[in-house]
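Two complexes come next, and they have one chain in common, chain A, joined by chain B in the first and chain C in the second.
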Partner chain A sequence: MSNVGIVIVSHSPDVARGAADMVRQMVGAAVPLAYTGGNPDGGLGTSVEGILEAIDTAWSEAGVAILVDMGGAETNSEMAIEMLPPERRSRVVICSAPVVEGAVMAATEAWGGSDLDTVRRTAEELGGASK
Partner chain B sequence: MNSVNAADSGQAQASVLLAHEGGLHARPAVTLTKLAKTFNARILLASDAAGPWIDAKSVVKVMAMKTRRGAQLHMQAAGADAAQAVTALVKLIEDDFVGGPP
Partner chain C sequence: MASTQPHATQTQGALLRRLVLAVADRVIESAEELTRLDQAIGDGDHGLNMKRGFEAVRAALASDPTDDCGALLLGVGRTLVMKVGGASGPLYGSFFLQLGKDWAQISDRATLIACLRKSVDAVASRGKSHPGQKTMLDVLFPLVDALPGVLETQLPDLARLRDLAAERAQATIPMLAERGRASFLKERSIGHMDPGAASSSLMVTAVCEVLGEAFRTSGALLTPAGDQP
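Moving on, here comes the complex of A and B:
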């Protein structure tokens, strides 16, 4: 069984890339990972297209867990999920967790093959535990 | 005592000094959790032999232990590969978290 993929969505491309760096360096390359952030003009924002692309890049048969920073990142992610082919739609979840810590926790859980629901619960379990 | 005590088959315990700079912070916690997940055995950790014991495969719980440098880390495992698991985890901690799973 393949590992669940992780997608990081932030309004800031720098935050998204930095969080992805942390996942890569701490958890390694065995977990599919993609990030997206910023609007097409180079400002802060998120885009449905960017999120769809990231889901595609991080796609795994085990599903994809998305970490978002706030507001539009979440609504655009919901929209992106709705636009996925039906067979993929049910295998993508948004985690209600802080984006950086949640991404590291979710990726660590995904490493070694935990299922999508376990990955989401681990990210959401963390609360202040990483501080 | 950093020795692994595998009294009867399927059970193993050890206690190891956590010498890592900064204690069991984010990166070593992730490395330890990943290694624990490579074994089938149930592996428990505690910073006090009296407990509470937490699941070594739960990165959130391992990080929440906030084990400091100089603390004694206790572990116990149960399952067919319990002895191998405890041996590998002790080695990881003694090797200062270098050489964990990729």
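Moving on, here comes the complex of A and C:
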């Protein structure tokens, strides 16, 4: 069984790339990973098209966990999930967690071969975790 | 402006196309105003985002001469979803996607109203929001609520709809934002108009202007069956 994939969505392309760098440092190439940031013109914002591409890049039969920074990133990610083919739709979740810490935690959990639900729970438990 | 179009044999598709283009023009020319509103209580990108989205809508309409209303609306929805780059893309996009999906079911004024309500409901569920949270819904819901009364008469009172939209947008000024970036400001969001309510009001105004002219010239109502008195 393949590891759960991780997608990082931030309004800022720099934040998205930086968070992805931190994930790579932890898990190397063991976890499918993709990031996207910026609106369709490259300014601050998020793009449904970019999110769809990232999901595709990080696709894993075990599913994909998305980490988002705020507001529009979440709405656009929900929209992107709905636009996926039906057989993929139920295997993508958005984690309600801080984007950087959540991505690192989720990826570390995924690296151990945990299922999608466990990966998400681990990221979301961060709320009470000390940094 | 809309008056340059011939109207005698106007099809529903042509009228819908004029409506969408009028909405696009209004949004594009109001981009700075929307940005100013969003700078006060948000991240300041609403005007630019909406402009980008509706410029893409214009381009898509220009390259696709379809007369099929449902397909046209689905295309507008998809373009907004893909091109806006902020939450307003999926929000407004959901309105057009839902309306496009249901268009074929519209056969009279009652089904038109029901479909518009369903489309506004789609915006609410996309945004996980409801009226009273200082959003575009504070304009959109009162408008669909007013539709049965407005469409009761043979010649709908479109000025009333337009005024209602402006009034409801104004009414978001004293409200406390509970959704979106403005909610981070808590009570500091009070005293500013919600940019989404403002863009909704602008779009409704454009629709009312085009429809008003269509009624004056041909008595046409925008439903597939014509529904002409």
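Convention: the second predicted complex is superposed on the first by the 129 of 131 C-alpha atoms of A that agree within 3 Å, B and C clash if a C-alpha of one lies under 4 Å from a C-alpha of the other, contacts with A are read in each partner's own complex, and residues count from 1 in each chain.
To be clear about the criterion, a residue touches a chain if its C-beta (ideal position, glycine included) is under 8 Å from a C-beta of that chain, and two chains touch if they have at least 3 such contacts.
All of these numbers come straight from a predicted model, not from anything done at the bench.
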| item | value |
| --- | --- |
| Partners on chain A (chain B, chain C) - clash or fit | fit |
| Dominant toucher of chain A (residue count), chain B or chain C | C |
| First, second, both or neither for A:Leu126, with chain B first and chain C second | first |
| Partner chain(s) touched by A:Leu84 [first = chain B, second = chain C, both, neither] | neither |
| Which of chain B and chain C A:Thr46 touches, first, second, both or neither | second |
| Partner chain in contact with A:Met70 - chain B first, chain C second, else both or neither | second |
| Chain B and chain C, minimum CA distance [Å, superposed model] | 27 |
| For the chain C and chain A complex, residues of the former touching the latter | 43, 45, 48-49, 52, 81-91, 93-94, 126-127, 180-181 |
| Complex contacts: residues of chain B adjacent to chain A | 26-27, 30-31, 33-34, 37-38, 58-61, 63-64, 101-102 |
| Footprint of chain B on chain A - complex, ascending | 26-30, 104-105, 108-109, 111-112, 122, 125-126, 129-130 |
| Residues on chain A engaged by chain C in the complex (per definition of touch) | 11, 38-41, 43-49, 70-72, 75-76, 78-79, 83 |
